[in-house]
Amino acid sequence: MRRLLWPLVILAALLAVNVLFTPGFFAIQVREGHLYGSLIDILRFGAPLILVALGMTLVIATGGIDLSVGSVVAISGALACLQISQDAGVFTAVVLALGLSVALGAWNGFLVANAGIQPIIATLILMVAGRGLAQLITDGQIITVNDPAFKLIGGGYLLTVPFGILLVLAVLAVTAFLTRRLALGMLIEAVGGNAEASRLAGIRARGIIVMVYAFAALCAGVAGLMISSNVSSADGNNAGLWIELDAILAVVIGGTSLAGGRFSLAGTVLGALIIQTLTTTIYSIGVPPETTLLFKALVVTVVCLLQSAAFREKVFKRRARTAAAQEVAA
Amino acid sequence: SGGSGGASGSDDGSITMGFSQVGAESGWRTANTKSVQEAAKESGITLKFSDAQQKQENQIKAIRSYIQQKVDVIAFSPVVESGWDTVLKEARDAKIPVILTDRAVDSKDTALYKTFLGSDFVEEGRKAGQWLVQSFNNSTDPVNIVELQGTTGSAPANDRKAGFAEVIGADPKFKVIASQTGDFTRAKGKEVMEAFLKSNPDIDVLYAHNDDMGLGAIEAIEGAGKVPGKDIKIITVDAVKDGMQALADGKINYIVECSPLLGPQLMDLAKKVVKGETVPARVVTEETTFTQEQAKTALPNRKY
Amino acid sequence: MSALASRQRYLPALVTGCLFAAMFVAGGIRYEGFASGQVILNVFVDNAFLLVVAVGMTFVILTGGIDLSVGSVVALSTMIAATLMSGPGWPPYVVVPLVLLIGSGLGLVMGYIIHAFDIQPFIVTLAGMFLARGLCYTIGTESVPIEDATFTAFAQTRIDLFADLWISPSVVVAVAVVAVAAYVLHYTRLGRAVYATGGSEQSALLMGLPVGRTKIAVYTISGFCSALGGVLLSFYMLSGYGLHAVGMELDAIAAVVIGGTLLTGGSGLLFGTVLGVLVLGLIQTIISFEGTLSSWWTKIFIGLLLFVFIVLQRLFSARSRR
Amino acid sequence: MAVPEPILRMKGIGKQFPGVKALDDVDFRLLPGEVHALMGENGAGKSTLIKVLTGVHPVDTGTIDLDGVPVAFAGPLEAQRAGISTVYQEVNLCTNLSVAENIFIGREPRKRGRIDWKRMRARAAELLARLDLDLDVSAPLEAYSLAVRQMVAIARAVDIEARVLILDEPTSSLDAGEVAQLFKVMRTLKGEGIAILFVSHFLDQIYEIADRMTILRNGRRVGEYLVSELSQVELVGKMIGQELKELERLHGEAKRFDAPLVEARELGRPGAIEPFTLTIHEGEVVGLAGLLGSGRTEVARLLFGADHAGGGEVAVGGTPAALRTPRAAMGHGIAFCSEDRKADGLVPDLTVRENIILALQATRGWTRPVPREQQDALVGKYIKALKISPPHPEHLVRNLSGGNQQKVLLARWLILEPRLLILDEPTRGIDVGAKAEIQRLVVELSDGGMAVLFISAELEEVLRLSHKVGVLRDRRLVAQLPNDEELTTEVLMETIASGGRP
């Protein structure tokens, strides 16, 4: 698709920069029975962000926004680790954590769809209170767990491939199926594109909105499990901090409008990968922490300028004009 | 005085303390909060607690509200060093004594607070550096160090970096080849360390500004097929329980303690201050350092 | 019909105002020493900078945009002010206008990019947020104290009102900003163009309104307000620091939206924003009066108060609209 | 008679949109003091010509001269400054602002630098009175129906000091009275030497007001003619390139209806419509007539469950039905094609195909997608039947011309094959050819047993199609008249005016 061309170019450019600094950047080896390499790292560490961003895409497509995903990430991880540390089975722990996440998401959806509260405020409530809830669960401490089965989710490998990547692929496939194969995607886009028209067309917008927020929270819940499993511990204070911002950024870079309507799952995945590659680039080329943000600002600016048709047109036109002028001169 | 504030407690002998905490950003901080709360209960001091969520303005608001509520003594852990003069003057005008904990403030007018109880982050950085210099003193090969910094701009990150750099800067064989923030968290520590391992094949030492980042980095090192503590020597700060465990297991080589358990000392000081007794202007918390052997003996009676 | 229509427009703000009063009364019953005039004034004193920032944000949100850079611009302003005053020792009357200029300039550039290249405000102002915060760290990662005598004196001035009550000069500045902004929104063409743009950008364009100029203007205004908020914050803190005002953009957005302004633009009142800021401030005050909450219960309690408030607000405005 | 120098001259205008050549080498001129009609089928390029003229879109090729001086406006603002005042086709106003503001925004009366609200309201009321409109000027525009908004837009345009006035389908949902009022104003302006460019699909209106016309077909100019020299039949022939049969009253013989489908009893909504009782039979076409704001749309919305009824009951097929939501009404086989396609009809960012199948998909829920082959078949069928152009199902609806958008909306409801189809101004902005097609379709459907509730500002159309006409006045259903020989537009007008009282 043409829309995805520029994000792809940017991703490629970022990767190329890395190769300049780390010659073996593209090398992928099998070490101790699993894939090892920088590209794998990008996918592995980007996995939670991709998940959260996928959920966020659908929320944004309905014209909403979900600020609470970061807190849900923390809650899910905290609850799972607490359960495991209290000797509940991993399966129970995971089910409980995801169940709670979905419930919290549905709560968001209820506030938006039924109570008619603006999404940003409705989810701000859970963003604030949810962080507190996560800390309540962990008692403000870091719960360390040691369970190989739990470790698999975010830090383990299946058939040499990091399990997290497989999980993301699975969620992506399911989401794509629900939205593009089934009619969910079109109905979401209709609700986001013109809510009143959709109502008059007989779409049950409320149900869809609740579902979408619940889905976003489920994605965040899985991401929370991944993050805590990756470091074998739950950090109610910091897990998922500011991830909502990165997720929204990923969605926007991917070409979905914050005003709702059309959305692109592939674009979101690309957006998330760009953000994660950017982070990795910062580490590997050794940008000092004080200038990290300047570097990020630069990249984000370039990304959004390149994606803007108006900008390209202006630049190209000028270039075409100067080229023509030069020709005349010559 | 009652829990709802109001009249000063000095008349009936009981003391009300307003305590403004930085936030709950880490396990260390939570342990610190707990220690203060428990100590207050034990010593019969009524504690008014507020969490500033890492924001100085919230702390100022809280202190101002304590003044409003006419507490007997105010204690707080400043988010940053600067910018306290105005509100401290208000406290002085209201004749409420102030105790600083954990971090100092940079007011020229030291009469604005009674005393400062806490650790010295620069000194912690120095201790880490000194151990490094000592353990490598009989080799002349260059030592490649990577550093995991705390949250950019935060006082412990700034100071622990500075103290460390000051000590190792004396010998050119020590080279910090990469330094990046890990936001004091395990997840970030792991992520950054993985990137370090890829772009720097030859790392000898890791210096992490807290245990959590060090613990995350250990996972990364193991994932890369190296042995933490052997292939890469690890120094961290804090001495939380998980860190001490790793130290005892030989995965970390050295930990500089930074104790959060200031509560009892704080309550003692508070009582003295309220009675009008003189107290030293600076009370340093009792802190030590741990090697792997020391950790094994100390581990069973660690509180947090 | 006219009365009804205008009541409709002022209803959200009205309901918010009543709820605010109710909250204050409830606080007064629950906490000793709460129901004093100074407590209310302190809410102003402690939130003067947020109020100014939120005013700028109101302009942006009314056009249907969003400005994520405000918190960072506030921090940058404190940082520049503190560094210039403490390092080269520049006087405040040079530094403050300079800071305001820089803030407005940043806003202008963001507004221009948003308009000229038709890029979503979210992403542009996010880049602005990174940029301003990054500039802070480049200037320095330590907190820089402000010791300029004039500046400190002004910061520590108390304006005594009757009966022991007092406010800070910042409050006066903030109130003045609110008054000017309310005038601009209601009585100038720019103000009305702001509402029109937020109502429907496409229509405003076809009606021959200077949509581009309006959009650039609101981001410039927001930049200016952030810089001014930064100056007020340096009065409050007497320091410049790169980590000041982290997340303030969210507080500002929340204040605006709680005040009844629609995030999609075109509808809302400045008075609502003032109430929104007061509500957030009052929640903070209640928390500190409560005094026994642990860190996490603090957060949960804030969320709960916010929830109750929002739901009641919805309920009452919906009920009386029937 | 010597032709004066044109105020405006467009030469060789070309405009290409992705996949569509909207304008191809079009010449156009506008003389001072004339009303110049721009004619053409839906999608012929009329609106595009207006938009490139006023700088909404840049031209690809060609030149525009104003008073003999070449101009290239960067946007409507510049065009307005140069003396061109425009009402675009889709009513483009800010509904969140008050009526008065919508008229004066950008040029508000000021006193000592500040907006003089009092004077603004007073002048707005005055101006609207000239158009015979009594509105609360400080109420937000969203309180008013589409037709009122159209009038407000016109009021705004005619008040702007301009030498050129452009009106793109301003009358599409106005009734006869309003149109007469508008024409009165237009004649005054014309007398002042103002040049007026006028677009409408109502041929009678063209012949009443216009002096000259330019005809477009498929983005090309067919020619420029004096209205007095071209007959209606010729005009239509030039527009669509073929002859059109004159339409008769389509329901010749009287039909008997004995199977009531929808029975509304004392259905009402306080403030919007007084309780009314109405029965619609299977196969019956019920027309609704009334003035602007008389409550026709409100009746339709209540029957569809789009608004909550304040009281009364509805029975569908003899059993009581709770029509609380549109979805519930659809469950009973009721469909509603709304009047304001922009606000509550189409989803502009979806494709033609998606917009057409939207309602069908909604009835199936998201778990059972309409199979792609079925979609393509349905969409293809209606693109052909309604002559939607360009005939590409994957084009975004936002890029379609106004009339074609209306056809898309209509198609959405037709494919549902409902038992009762409510059509609120279905032919708004639709060209003569397609209009006849739609009317034929309505007759066909009703012959097949479908009931239709038909709302139109055009009384002829109502009379032509309906078996029974309900008359509304001041939000009250005042009469229900059987459509027989005695019922003429005059009788209807009289009934409306008298409020049903003899």
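Letters are used for the chains, namely A, B, C and D, taken in the order the chains are written, and counting of residues starts over at 1 for each.
In the analysis below, a contact is a pair of C-beta atoms (placed from the backbone, for glycine too) under 8 Å apart; a residue touches a chain by one contact, two chains touch by 3 or more.
For clarity, every value in this text was computed on a predicted model and none was experimentally measured.
Contact with both chain B and chain D is made by A, C.
The minimum number of touch steps separating chain B from chain C is 1. The chain with its CA mean position farthest from that of chain C is D. Between chain C and chain D, the centres computed from C-alpha atoms are 44 Å apart. The distance from the centre of chain A to the centre of chain B, with each centre set as the mean of the Cα atoms, comes to 33 Å.
With each centre defined as the average position of its C-alpha atoms, the distance from chain A to chain C rounds to 29 Å.
Touching of two or more other chains is recorded for residues 137, 141, 294-296, 298-299 of chain C. Each of the following residues of chain B touches two or more other chains: 24, 30, 33, 152. Across the assembly, chain D contributes no residue in contact with two or more other chains.
Contacting chain pairs (ordered by label): A-B, A-C, A-D, B-C, C-D. Remark: chain D residues 56, 75-77, 79-81, 86, 88, 92-98, 101, 105-106, 108, 113-115, 136, 138-140, 143, 156 touch chain C in the complex. The part of chain C that touches chain D in the complex is made up of residues 1-2, 5-6, 8-9, 183, 186-189, 192-193, 195-196, 198-200, 202-210, 266-267. On chain A, the positions that touch chain D within their shared complex are 178, 181-184, 186-187, 189-190, 193-194, 196-204, 208, 261-262.
Within the complex formed with chain C, the chain A residues making contact are 67, 115-122, 124-126, 128-136, 140, 236, 245, 248-249, 252-253, 257-259, 289-297, 300-301, 303-305, 307-311, 314. On chain A, the positions that touch chain B within their shared complex are 21-22, 24-25, 31-32, 36-38, 41, 45, 135, 139-142, 144, 155, 227, 230-233, 235, 237-239, 279-280, 282-286, 288-290, 292.
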